[in-house]
Amino acid sequence: MTEMMALPDAIARTVRDGASVALEGFTHLIPFAAGHEIIRQGRRDLELIRMTPDLLYDQMIGMGCARRLIFSYAGNPGVGSLHRFRDAVEYGWPNPIELEEHSHAGMANRYVAGASGLPFAVLRGYSGTDLPKHTDTIAPITCPFTGEVLTAVPAIRPDVGIIHAQRADRAGNVQIWGIIGVQKEIALASRVTVVTVEEIVSRLEPVPGSIVIPGWVITAVAMTPGGARPSYVHGYYERDNTFYKEWEAISRDRDRFRDWMDEHVYRSESAS
Amino acid sequence: MARTPPVTYTRDEMMTVAAARELRPGMRCFVGVGPPSLAANLARVTHAPTIVLIYESGTIGAKPLHLPLSIGDGELAETADAVVSVPEIFNYWIQPGRIDLGFLGAAQIDRYGNINTTVIGSYDQPKVRLPGAGGAPEIATSAKEVMVIVKQSRRTFVERLDFVTSVRYLTAGTAHSPASQDGRSITVVTDLGILRAGLRTHQLTATELHPGVTLAQMQAVTGWPLTAADGLEEISPPTREELHALRHLMAASREPA
Amino acid sequence: MTEMMALPDAIARTVRDGASVALEGFTHLIPFAAGHEIIRQGRRDLELIRMTPDLLYDQMIGMGCARRLIFSYAGNPGVGSLHRFRDAVEYGWPNPIELEEHSHAGMANRYVAGASGLPFAVLRGYSGTDLPKHTDTIAPITCPFTGEVLTAVPAIRPDVGIIHAQRADRAGNVQIWGIIGVQKEIALASRVTVVTVEEIVSRLEPVPGSIVIPGWVITAVAMTPGGARPSYVHGYYERDNTFYKEWEAISRDRDRFRDWMDEHVYRSESAS
Amino acid sequence: MARTPPVTYTRDEMMTVAAARELRPGMRCFVGVGPPSLAANLARVTHAPTIVLIYESGTIGAKPLHLPLSIGDGELAETADAVVSVPEIFNYWIQPGRIDLGFLGAAQIDRYGNINTTVIGSYDQPKVRLPGAGGAPEIATSAKEVMVIVKQSRRTFVERLDFVTSVRYLTAGTAHSPASQDGRSITVVTDLGILRAGLRTHQLTATELHPGVTLAQMQAVTGWPLTAADGLEEISPPTREELHALRHLMAASREPA
């Protein structure tokens, strides 16, 4: 059952050093505030899981939170590289990180398997690519009816899944609309689920296209207005595209990056 | 808007216009951000208003007024016929081959249309770590047609990929083979012209050149011995209408890609 | 691309003798009018596919349309038996039918595999039951990562999938709300998809909880007001529970059943 | 509504009340139509208002005012916290074991809580063809607790099932075994009392009797040698409040089950 708590409490109670943690949100509803709280609490050796690491994981990797990364696309969408991710992979700074690399279809299906209580998922994927040579969580599987060989990927069941959503009611039921991404799958695949929300309301009025995740599969709800900035929340605020472009320059340089984190994450309790 | 017709155009504009012309009305196009989104939306506002834009963020039939910087831009959801989850877009819409044309990006491309967006150098000690696969491996094998829009250079058009991120034509004997690959094409639109594979051969061949470009120019920036198709054609320059629509789209974008 | 046509044309052009046909709608939106049109057109030797055969398949089986039935629950919900189904299975009247019997979870996953372009689906199912002894479309499958043995079922890809929906726009985009069941899965799994709708509108205004199936995956849309009666259409009309109970007596007797069909299906173009 | 308190009750009412009492606040219950829906809704309007009703039609947290005749009744969707597709209800909600208590129906039940709802007689030449499995096989193995509400008779409580439609306790060595079966129980509420398995043994044992019923009576309509638990208890009769709520529910139903 859901407990309502402040974000620092929610993170302190759920995210331990060495945990596998998925902060999801497919370009929409990226839980920046929760990630920043993990950085502030100094968590280390995390296995970070996310289809599109985006600026948030660039920041977490750059601050040394990550030991390992499971992902499918590590770029700054429409802009270019994630320089902190590249620095860790290419130069081991601030520490080397291990990569477990998939395609989007593979990652999405790994979440589906996790949410479904299955050990693996089946897809037509990775055909002819070099990915299976480097990623040992890709295996062939044969259809018992047709003999066709397809691809299996194992379920992902993060220790902690963290998502941002528009709002929750007082019972902890969570409502999401716009691009829904893999929010439900992560909420259901994770052993513990934390949801940050823009607001808590007494009743979740239906919104076209909205889904509701029942509170009884959610561990903690933390009211965190602006918790997805500089990403966006459909119906609340827009994506800060200017910042996404500025990140290119901020993140290129190790010192400038650290100064920025100092100023915007450490000295402030609110997300940039 | 300009009152006088445009008289000049850039190579980038020619590239985008040439790509847009490839799209036919009603086509279901899987679109990423940047040049593909620009070309697909140009087609949509010019000759192919019924084109269906599908983004991997789960928006089907999006009709954005502004070009999205991110494939998850809110306007995509607001203007879509349907918004579905990310697992659904891959499992129900891409995997079964419902996409007529999928756009792919490329850091390296070889003569077979295989693409690298993963690493330059070795995987374990990369010289440049690139973003990785995203949706490409499954788009590459499932879409009826594939289009790559990329500037031509020897760094990009290579003899041998450093890493195979996606494969258009699976070699015989590969077990992971989809049902049929007959008649599947790949079209590579560059700043110099168009290369195609899949009609008679699985090797990319120069089929069209932009106005004023020679085959020798294109061969000089291709890392394999590039041949031309019989009847190599010159592409007609952008019309006033095309340029006008393209520049309007760029100007109307919140954030030009 | 969708073509708008009258229901008799839609059925005549798509449903052939011997075809595999799924008329779906999980208790909601059961396409009775389309099924009655199949009966009137005298189709034979069909492989009928449906999780819950319900009254509609009872009628189609009783009129001799079916050679084979793929299903998971053949009852009159809350009332009792489907007597025409029982008569066919127990006494071969009007003709014997072959059964391919699954669980709901298995059927739902077979549709998902069909919609996904996969040859099979994986579930934790049928454990310890006698179903695999009698149904050869249930097979064990081993997880390549954990070694756990689970169950595989083959995809269902009907020749024709038929569903009822609230409404469509003029481009053939179809909108459904309320209990959505397996409507989308059947629309996407079938080689040819026919949708009957209550109304055709110029614009599909969003409704809370509604889904839209794009017209370009639908073969034909037939405007058929009342096309789900005596089942119901959320927002349009309620389930005729009285008729569901009356069916118990109507269907028990072969002659009474035939008289009823004569009067309500053959002599009338509109569904009972 | 009756002004005078009810003084008598039927065996059916006792059965429903006894079943409802088993449900605890906050429990996630997988509910079918008929007696389970009646018992679960009785619990919801009496001692367990926070009970979460989940129907296989995809409605999660339904709060119907009227008892549905069909599990797809429109009111279930209108009052639900969430409505999901049928594949989702089975894959995301039932299969992973998120259901605290699943109700199952039974035409035949054996001492291990295995159930037949498929055929009486042989499968190929059935004497009576029953509806079949529905959601039962997966509910039976995945729910933390299982409850069956069924009138007791030798025809139903049998030594040997004609067909095994669902299994609560998988025999050791069965490959299709879910993660753990420790502490999993099955409760059978009948018109005579309650039988339970899973606490110390996997065999159904009489644990409670309705007022005025004897163990011998229950044994007489059970097709296997039924034993009683230590401290066999008598169930307290329905309270005025329970009966009042139950009769109100029945009366308020559009179509009493």
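The first chain written gets the first letter, and so on, giving A, B, C and D; residue counts start at 1 in each chain.
Operating definition for what follows: a contact is a pair of C-beta atoms (placed from the backbone, for glycine too) under 8 Å apart; a residue touches a chain by one contact, two chains touch by 3 or more.
Keep in mind it's a predicted model, so treat the numbers as computed, not measured.
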Comparing C-D against A-D, which pair counts more contacting C-beta pairs?
C-D
Between chain A and chain D, what distance separates the C-alpha centroids? Give it in angstrom.
40
Report the inter-centroid distance (CA atoms only) between chain B and chain D in whole Å.
57
Counting in whole Å, what is the centre-to-centre distance of chain A and chain B, each centre being its mean C-alpha position?
28
Among the residues of chain A, pick out those that touch two or more other chains and give their numbers.
112, 117-118, 123-124, 140, 150, 184, 209
Where in chain B do residues touch two or more other chains at once?
91, 95, 142
Touch-based graph of the chains, sorted into line, ring, star, complete or other
other
Pairs of chains found to touch, sorted by chain label:
A-B, A-C, A-D, B-C, C-D
Would you mind writing out the residues of chain D in touch with chain C in their complex?
33-34, 56-59, 68-74, 76-77, 83-87, 90-91, 94-95, 114, 118, 123, 126-138, 141-142, 163-167, 170-171, 174-178, 254-255, 257
Touching residues of chain C toward chain B in the complex: what are they?
1, 112, 115-118, 173, 184, 188, 211-214, 216-217
Chain C to chain D touching residues, read off their complex:
26-28, 51-52, 71-75, 77-79, 81-82, 85-86, 89-90, 101-105, 108-109, 111-112, 123-131, 134, 140, 149-151, 178-182, 184-185, 209, 232, 234, 238-239, 241-242, 244-245
Looking at the complex, which residues from chain A come into contact with chain C?
117-124, 137, 139-141, 143-146, 148, 150, 152, 154, 206-210
Under the stated contact criterion, what part of chain D meets chain A in this complex?
26, 28, 52, 60-61, 81-82, 91-92, 95-98, 142
